[in-house]
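When the chains are written out, they are named A, B, C and D in that same order, and each has its own residue count from 1.
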Amino acid sequence: MTKVGFVGLGNMGGPMAKNLLQQGFELKGYDIVPQLLDEAVKLGAVACDSAKDAATDVDVFISMLPASKHVQNLYLGDEGVLSCLQPETLVIDCSTIAPTVSQEVSSAAKKIGIAMIDAPVSGGVGGAVAGTLTFIVGGGSAPLEQARPLLEAMGSNIFHAGESGAGQVAKVCNNMLLSVLMAGTAEALQLGVDNGLDPAVLSEIMRKSSGGNWALEVYNPYPGVMDGVPASREYEGGFLVDLMIKDLGLAMESALAVGASTPMGALARNLYVNHSKEGHGRSDFSSIQQVYNKSDA
Amino acid sequence: MTKVGFVGLGNMGGPMAKNLLQQGFELKGYDIVPQLLDEAVKLGAVACDSAKDAATDVDVFISMLPASKHVQNLYLGDEGVLSCLQPETLVIDCSTIAPTVSQEVSSAAKKIGIAMIDAPVSGGVGGAVAGTLTFIVGGGSAPLEQARPLLEAMGSNIFHAGESGAGQVAKVCNNMLLSVLMAGTAEALQLGVDNGLDPAVLSEIMRKSSGGNWALEVYNPYPGVMDGVPASREYEGGFLVDLMIKDLGLAMESALAVGASTPMGALARNLYVNHSKEGHGRSDFSSIQQVYNKSDA
Amino acid sequence: MTKVGFVGLGNMGGPMAKNLLQQGFELKGYDIVPQLLDEAVKLGAVACDSAKDAATDVDVFISMLPASKHVQNLYLGDEGVLSCLQPETLVIDCSTIAPTVSQEVSSAAKKIGIAMIDAPVSGGVGGAVAGTLTFIVGGGSAPLEQARPLLEAMGSNIFHAGESGAGQVAKVCNNMLLSVLMAGTAEALQLGVDNGLDPAVLSEIMRKSSGGNWALEVYNPYPGVMDGVPASREYEGGFLVDLMIKDLGLAMESALAVGASTPMGALARNLYVNHSKEGHGRSDFSSIQQVYNKSDA
Amino acid sequence: MTKVGFVGLGNMGGPMAKNLLQQGFELKGYDIVPQLLDEAVKLGAVACDSAKDAATDVDVFISMLPASKHVQNLYLGDEGVLSCLQPETLVIDCSTIAPTVSQEVSSAAKKIGIAMIDAPVSGGVGGAVAGTLTFIVGGGSAPLEQARPLLEAMGSNIFHAGESGAGQVAKVCNNMLLSVLMAGTAEALQLGVDNGLDPAVLSEIMRKSSGGNWALEVYNPYPGVMDGVPASREYEGGFLVDLMIKDLGLAMESALAVGASTPMGALARNLYVNHSKEGHGRSDFSSIQQVYNKSDA
């Protein structure tokens, strides 16, 4: 029986831990928020007093935290778990963080003989609950194969992007492109509507033509065109604008670090920041459609 | 036997006329360039001395011209064909032009009892030759049904976008979105490569994820990732940068006409214009990838 | 005594006509809005029944209209004044319109022997009232000298930009640059404030450094930094966002006409359009500052 | 006699040290490049074997280094000078670096009782040689007054932006605005030229109008308009494109750190990066004009 330590039991980590428990993994967990820990315990997890406790005497250690600084602190801080992890423990960090931080932590782990992979996810809370997340993995092939049964318990797609940090880079690139697609799709739809087209007809034409993309396929941002998407429920739920802004911040940092040119991604970030400043930070990111709508319509 | 008049026998119109002839339509043609007319005659067309001649005594009149001013001149000029077309002749304009001009011409035609549809195409020279063009049609349903056999002789997809001019609007929206997708995809790929990823691996991850789009599916802009696309032959052939700039100009005009916001499309246009000014106007539009590549790589 | 015909007696034209009357010019006026005409009559103008009436038997004919279509209609329409102007009449169009339309009208005037200059203004309603407008003139030197006494009665700066239409081009270029300066200044100020700086201190540093520009000099967009500017009165009055959008539309048309690259101006236009869609179209254009402010501050 | 330690004797630091020596300050210097140190010695400086040596037994310690990491290393590294500076020594860092790093170092200095100001400069190599630099200072008023005689020996303008790090923030904001002004000015000039205007005439009109800014005043980017500027000597010398990109990188980091919206600055950065990738990284930053010029003109 594989013993798993899990730190970070929030919106994403909670359901991920639940899926591991339901697939028969033995799991001990920790979160700084006691209620979150309590919920995990109800599902069968063993409660830990600290991250270090959760990292002790386990086969696999998984973290799912909000941002780079939390991951740095968890592994490298004064109470960092690297000091108590055993060499045979596999470490999986599922947080979406700066690739450089991911590399810094995995490099520190490697120095003391611990294998670590970065495995940021896409699919949102819905995917976490359903166990259909996509994992984009950076790190060696051996630890990835070792991790595969656990990743398959939590998700349905696993990509191997390259060495340590590559999972983060690939996710950041994908989400930057996603922000560009979504803003571009919303903009094209509104341009058509303002010139007299029916958004459903235009959506269908572009979907089957060279404008085809993921948003038109399954996540149409125009209200009333597609059922069951955030646009059909006033942009509630889904992937929040402020989380897209976080990912676009990581993309901008990755661009600055290598001197890359990212005019489209940079503009998308600023459109999203402006949208958030207008009060839409907690709406789904397809609500960028509202930026383009006529105010007097 | 349907008698067709065809004006504009260039890169696109030539092979389109050829396909009509091969499907058994009787065709008389005209082009201001004598060689183009000669080539059509070799394929079975009857040569006309003027556009008016081509528009006389035909069941269907088709035009395929470079820009708004040519279409205005053909139909509304001093020697315009509207003066000699018969009420029972169906008019199909396949040119990509300003929606307002399309509406102006079809409105003038309607006044004298002539039905007209705008049917701009996508698919490029390759699609014209292969008879696999996509037609995006604006105008009434009745004339569209009347036109369908001819459109099917030249293409494989027919969309009905709405009333007169709607074909032009839909094409312009699609191509604006396409320019955004292509620039965004090129940008994301280079950001990944500059951060150490393999472009083929990253392409595959994004294609299957929320960054998925037409470019990643069939027209990858990164050299060496996909066979048989312009990126694999130094961006020769395909859909030229300067033609994309033309279509983006139509998109910008359509945005100005209705006060629409098009930050992403406007930026894409300017990136393409800058790219053309660097000498790449006759390259395929996926060559926007080169803007992002490191000069010292 | 110079006899002047004046068409367009609104926010701008009204006070301009008043200044001409006060400087002793004999003036007959026309406006489609009767109240505006009545006000001019109270100041000493002679009322006309039509634009044609105002254009008859005058030494100088001046127009001040909202947009290209109005100017086209005034001069070239079915009831256009070109048909009744005398060859010795000097025509001055003070409207801000498309350079191509300006050239079209002056060319038509020239064909019948009438000299015309385009003389768009900057300085706003305040400058019109105070008689301190800036005129940016396109056309010949001789008609400009003939016009000078009238322009000096209405303004304090006269620039000669070049031949017909050049006044429009220069104004459009200046206002595009102005929109870029204003948005850039607002953005830099907020970036400083968000990072802990005092906006007045930062304004002073940049004003005296290489960031110095007209906005920092006399039109600071940050509330509380400068007295007597729109930013100090909640952006009321001044040069309206929607008028800046109109001028940026002319700039975009001018760019499309010659294939020019205008990434900064295009982005400024879209930021202003988004700002207008949020309900700020009737605020002063320095209110673009509000786009950058933190919503939760 | 004030004793000064000076680390970093390159293009900027060299002439700055020279001016201090010529004003009678006693100076001991260090640079990792021996030739630079030799040159300083010829001008009267005392050579040191290390940065620590230069920081020992001096009244004022000045650093002028390329980037954040060099400053971090100089002060906080294993061989960092904070360990040997005396409490009575005033520290002046003239490097342009991340505000957060500036604060980190000054905070570390403060903990051991050492006063430090950040005093990044503008004015370039020319200003350094002529002793006319502008210093933008962050830190307390008392250390600024203590530093004033030295700053006045090296420059002609001193601004106090605020507390520690504020000098860096203000410089970053100014230079971001400068990049926007320069790109916007170049764009407006080319739009005018493409539409038939004389660049000198248009420059003069905008300079005196609401488009007026530092570039039009003293640094016109259009070749042939102004004497003695980089545009008149094929953009050689001046403030290099790659240094502007460095400063824009700091601006982007400062924006990401606080969630600020910087669409204009982000676009300017990407235009400059694209320009550098085309091979212009070592040209003056006003060469952005070349991006807008017609390639076929």
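Note that in this section a residue touches a chain if its C-beta (ideal position, glycine included) is under 8 Å from a C-beta of that chain, and two chains touch if they have at least 3 such contacts.
These figures come from a predicted structure and were not determined experimentally.
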Chain separated most widely from chain C, comparing mean CA positions: A
Angle, in degrees to the nearest 5, of the Cα rotation that carries chain B onto chain D: 180
Rounded Å distance between chain B and chain D, as computed from the means of their C-alpha atoms: 50
Centre-to-centre distance between chain D and chain C (centres being mean Cα positions), rounded to whole Å: 39
Junction residues of chain D - those touching two or more other chains: 259-263, 267, 271, 274, 277, 291, 294
Residues on chain B engaged by chain D in the complex (per definition of touch): 267, 274, 276-279, 291, 293-295
Interface residues, chain B side, partner chain A - complex: 99, 122, 134, 136, 157, 159-163, 165-166, 169-170, 172-178, 180-181, 183-185, 187-192, 194-198, 201-202, 204-206, 208-214, 217, 219, 251, 254-255, 257-265, 267-268, 271, 291-292, 294
Residues of chain B that touch chain C when the two form their complex: 245, 249, 252-253, 256, 259-263, 266-267, 269-271, 273-274, 277
